[in-house]
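A, B, C and D label the chains in the order they appear, each numbered from 1.
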Amino acid sequence: MTEYLLETKGLRKTFGRLAAVAGVSLGISEGTLAAIIGPNGAGKTTLINLLTGLLTPDTGTVRFKGEDITRVPSHGRVRRGLSRSFQIMNIFPNLAVRQNLLLPALSRRGRNLHAVARLEDETGANADAEELLREIGLWDHRDARAGALSHGDQRLLELGIAVGTRPELCFLDEPCAGMNPIERQTVLGLMRKLSSQRRTTFVIVEHDMDVVFSLAERIVVMNHGEVLADGTPAEIRENRVVRETYLGAEV
Amino acid sequence: METLAFQGVVGLSMAMYLWLISAGLTIIFGVLGVINFAHGSLFMLGAYLAFTFYGLLGWNFWLAILLSLAGTAVVGWAMERFFLRYLYGVDEAYQLLLTFGFILILDDAVKMIWGGVFRIPDIPAFLEGHWSVFGRPFPVYNAFIIAAGIVVGIVLWLGFERTWWGRTVRATASDREMANAIGVNVPRVFSGVFMLGAMLAALGGALGTPVRVVSPGLGAAMIIQAFVITVIGGLGNLKGAFVGSLIVGVLSAYGTLLFPVFELALIYLIMAVVLLVRPQGLFAR
Amino acid sequence: MKRCASVVGVFLLVVFVAFVAPGPALAACQLGVPVVKVGAQGAASGAHADYGRQINMGASMAVEEINAKGGILGCKVELKFMDEELKPATAVKNTRYLVTEWGAHYLVGVDSSGSSMAIGPVLPELKRPYFFTHAATHRLTEELVAEKGIKEIVRVSVPVYQDGILAALIFKDMPDIKRWANIGADYEYGYTSWNLFKETLKKYRPDVEFVAAAWAPFHTLDFSAHISAVMAAKPDAIFSTPWAGEAVMLLRQAQIQGVFDQIKLWWQAMGGSVDVLEGIAPAVIGDKFKGKLWATARYIHNWPDSAENKAFVERFQKRWSRLPNYSAETTYSAVMIGKAAIEKAKSLDSAKIVDALKGMQINTPAGLRVFRAEDHQFVYNVPAGRVVMDPKYPIPVLGELRVMPVKDYYRWPPFTPVAATK
Amino acid sequence: MGEGPVASGSRRRIVTPGRSAIGGLVLALVLLPLVGGQYAQYVAIQVLILSLFALGFNILFGYTGLLSFGQAGFYAVGAYGCAKLLLLTPSLLFGVVGGTLLAGAAALVLGVLCIRHTRIYFSMLTLAFGMMIFSMALKWRDFTGGDDGLVGIPRAPLEIPGLVSISMASMGRYYYFVLAVSLVAIAIAYRLVHSPLGLTFQGIRDSEGRMAFTGVSVRTYRLIAFVIAGLYAGLAGALLPALENTVTPPVAHWTTSADPVLATLLGGIQAFAGPIVGAFLFFMIKDIIVRFTEYWLIWLGIIVVVLVMGFRGGVVSLATARWRALRPGREGA
């Protein structure tokens, strides 16, 4: 039997009469680069919200590293090694870029409560932040107000915050939306690098099929809140149901 | 038994005064998203204007009320058009602060115009006297207030539910951008709604002035009560404001009779409990 | 660093301009000061703003009259009035400003009892006499002066005694009134008045009953519930202590609720205040109260029937186009008493001024005021009566005046505590 | 151009314009009793108290993004608590520390409830609790003295048993006590907002959701901010009874809650010094207007409106911007 990093059983969430997620059972192994695709309203974002603790499922369980985390709040999941980015941009607009990245670093080191230490004396966290700054290519903008960055840079920054807690598993909701090709390459490069160096597991939700098929080792296709298909890119390409209901229309 | 029943009717009349002031507050919040601290001051202004036209100049009671509504609406229009309009994009705190500034200005302005003395006109002759309710005398004027409150409620309900204007306002309230996209003149709707709110405040003041003295500082005294009611009913919820007024009015009437010590703290306790348990208010969908 | 220096410089300049008193004094009068300064305060904003205005009018008129007659020992008198906002903290701040910054030599005024109790303990530090002219709590003179010995406190107006005890002495003689109910102000003034009333009346009339009490806090706008709550007990008479605009509102709401058809008498403490009389004038003209409304005040313009009072009312009407309220008269008299004391002491020293008050008996518009050394209370007489119209005045006056001997309705030392609870 | 050292990247420069300005201000405050009279000291105490009140409020509002309308409640708990303790045992330190801790405890209890909401619902909830404290101050006569408040509170000596006892009878002495307490409290607050905790608060203000996904329990930190604000409000309140000798219900009223809001917005919410500068201006504006006119409300109102319409950044950021404009090339060193 395989030991999954994250495993769900019969996950279900309804809004009124609509079942946004209708009984999803999934397992994600360590070290994979997986993608969730599906048409608008398929329940992808709801699924991620359930997995990251923004929503509580009506029924079903979520297990992470063997532990039942169904009722654990978001911040508790982050501490256990789970992280995410958002579909709608979510950074700290009034803080400097460096401070944006300092926050996850402080949190990872359990330094948030320190009320008398100077920020500049937090050497460990500062080093982490500076390393990330270079990795996402925002070193030159480190003292700028985050809200003043360009759209692409803000998305990069958000990715930086998401991986700044050094998660084992990281969900990225449309990480490349609205990016130019260069920025997109930065994102993909960073993901590949973290995946190989730190064995970070990434699960992305993405509409851009080029990105999905060039990056993902595994693809989960959702429709109407259910998993339609699950396999390697090659398997998905060959899957007749998927071709008919989804890929046929877009590819 | 009669005592309890009668106290309930007294509470009902108190509730209708409260309804008249909280209706405008909740409408303005529902559509503009602004908590208007100065709403109580508009109430005060309405009362002063009604006093001037009716009590001082001796004009017709209904005409005085109409003129008071018109005058207050103009002030409300100016507040929205020249000040509030420039603050929709910024933090709510600044909107609150601006309207707080209006309280200070209006308080002193009425003192400059009407003096520090409190003012009270006569009750119009046709509304004087009392009827027997549960064997106790009940003022005709308070019965008139109850009727007026109900009429205002019905008119507002019809206006919002059954007219083109009402639908436009509701559409604007639920989604500004969408309303703008389908060709609604959003700034004009905002102006209109703010004026409507101001007129409702003025109506409360104008109808109240023959039984309630008007003096500077009345606005600050009224506004917190109105807050309590709008919160209990749900911010922006008209039906909620009506029921909230009934709850606070009737409860404080019984409170005075049965447990006077807690009356004051009680309404704040209710407000806090509602916020904790059902922050959207008791009557939100 | 120039700029930093200039920042500090500007700051210091502001501090200097704001606080450092200007210019040296030029001795021009017998007291060795350029002017004698009188500080006054009262409520000048909010619902009770007219009381502060009346204090201001009374004080201003007194100062104008003193200056017209050559000042105090040849010194010109200057007045500064400030708004106490009915907030004790503001009242204390004003007092400190008036004394330590503006340079007041003596002070008059204050409406709120809370403010007076807050000012009292600060006075020994400031070393200035303060003549209180409206705040009515008995504790000001009984506790702070008689018990704790704060000599700077002097009260010119009659305290709460009159509201409770005087009423009891009048109504004990009305045998058909047996059931009393109270609509009270929900603070010390209301409690003390009602308790003094009950205590005194019970002594003379064991047969009376006190059947109900409802309490209304400051800023009550609707008394309907209070009225119906006490009317449920079917009282013969109502004892009522909300004052100013709240009194007018309460009377109007009681009137339309038919209270005056059911009761025999309504006692309105402070109902003889000019602002209240103006407010209820149409109702009195229209006989809406059916002659059942009784009231008093700490001074009423139609009594005493002396030449001095008439002249005062005339001058006041001419100067301000209003009738003088009690707070105007008490403050006017307070300024005059201050003048008399300074002239006697020939000094502006606080202790000497207070010393000069000993044994003082002075004629004022309200009649003869006698200084009581034990508690620094000026004792004088004020009548109570039925609220009626008098063709001589545009607003109602008190008629059928009952004038009681002061020894009966003032409390006298040694003082015993009064229950100041509901 | 000034003659100071050329700006370098070093942040360890001992003398900076900011530091020398602060040094100058502190010196001016220390020397104040020598140049100003009793009233100047009295007003300075009031300004310091309002500064502490507003500073705490701004940790909640400007830094954590929660607009409280009930801070007067904790201010009042501090004031009444200290007054009660001073009436019990005349020891200034005992009263001030006790009052502050009581306010902190009240903030902890009510905070657990209040921090469940944000934005307007948080504001309304704090308003409700603040007014409940006001109702208690008004109605619980046996404990609070009701409408008449607590009177005859002594300005007790500053006592450390067995060590030292300093009389506080003179205004000057008490001024120095308040000044010392305030400077310490301001220094602590400065350290706090520039610490990891302060940055965490700002993160919550900017984006709660993002903050939760850095692994921080947003509610816990909101509660911490709430308690800190409560402690500062309590400290400010606890310095009051010994000054005024009285505590009365208006200290708990919602209009008192508006004071730190006005002061903070006047000075600016983005700058640390904003609330302090704002408190000074707010107090001086009012103090100067009331000397000239009975109609001081209207002037205050006009100032509020003008500030909101035209100078939302507050005075401090306006001044900083002017400063930067005057000295091109010295920023971003």
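By definition in this document, a residue touches a chain if its C-beta (ideal position, glycine included) is under 8 Å from a C-beta of that chain, and two chains touch if they have at least 3 such contacts.
In this text the structure is predicted, and so the values were computed from the model without any measurement.
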Legend entry - Shared chain contacts [chain C and chain D, defined touch]: B
Legend entry - Taking each chain's C-alpha mean as its centre, the one farthest from chain B: A
Inset, instruction - Report the chain closest to the protein's overall CA mean, measuring from each chain's own CA mean. - result: D
Inset, instruction - List the centre-to-centre spacing of chain A and chain B in whole Å, with centres computed as mean CA coordinates. - result: 49
Legend entry - Chain centre separation (chain A, chain D; CA means) in Å: 42
Legend entry - Distance from the mean Cα position of chain D to that of chain B, given in whole angstrom: 34
Inset, instruction - Round to the nearest whole Å and give the separation of the Cα centres of chain A and chain C. - result: 73
Legend entry - Residue list for chain B, restricted to those that touch at least two other chains: 107-108, 111, 264
Legend entry - Per-residue overlap in chain D, given as positions that touch at least 2 other chains: 138, 296-297
Legend entry - Touching two or more other chains - residue numbers and ranges from chain C: 44-45, 217
Inset, instruction - Go through the chains and record each pair that touches. - result: A-D, B-C, B-D, C-D
Inset, instruction - Mind listing the chain C positions that touch chain B in their complex? - result: 44-47, 49-50, 52-53, 214-215, 217, 219, 221-222, 224-226, 228-229, 231-232, 244-246, 248-249, 252-253, 256-258, 261-262, 275, 278-279, 282
Legend entry - chain C-touching residues of chain B, taken from the complex the two chains share: 3, 6-7, 10-11, 13-14, 17, 107-108, 111, 115-118, 120, 122-123, 128-130, 136-142, 208, 210-213, 215-218, 221-222, 252-253, 255-257, 260, 264
Legend entry - Interfacial residue positions of chain A with respect to chain D in the complex: 52, 54, 73-76, 78-79, 83-84, 86, 90-95, 99, 102-104, 106-108, 111-120, 122, 125, 143, 158, 161-162, 164-165
Legend entry - chain D residues within the chain A interface of the complex: 11, 191-192, 194-200, 202-203, 205-207, 209-218, 221, 224, 332
Legend entry - chain B to chain D touching residues, read off their complex: 35, 83, 86-87, 90, 92-94, 96-98, 100-109, 111-112, 220, 224, 227-228, 231, 235, 261-262, 264-265, 268-269, 271-272, 275-276, 279
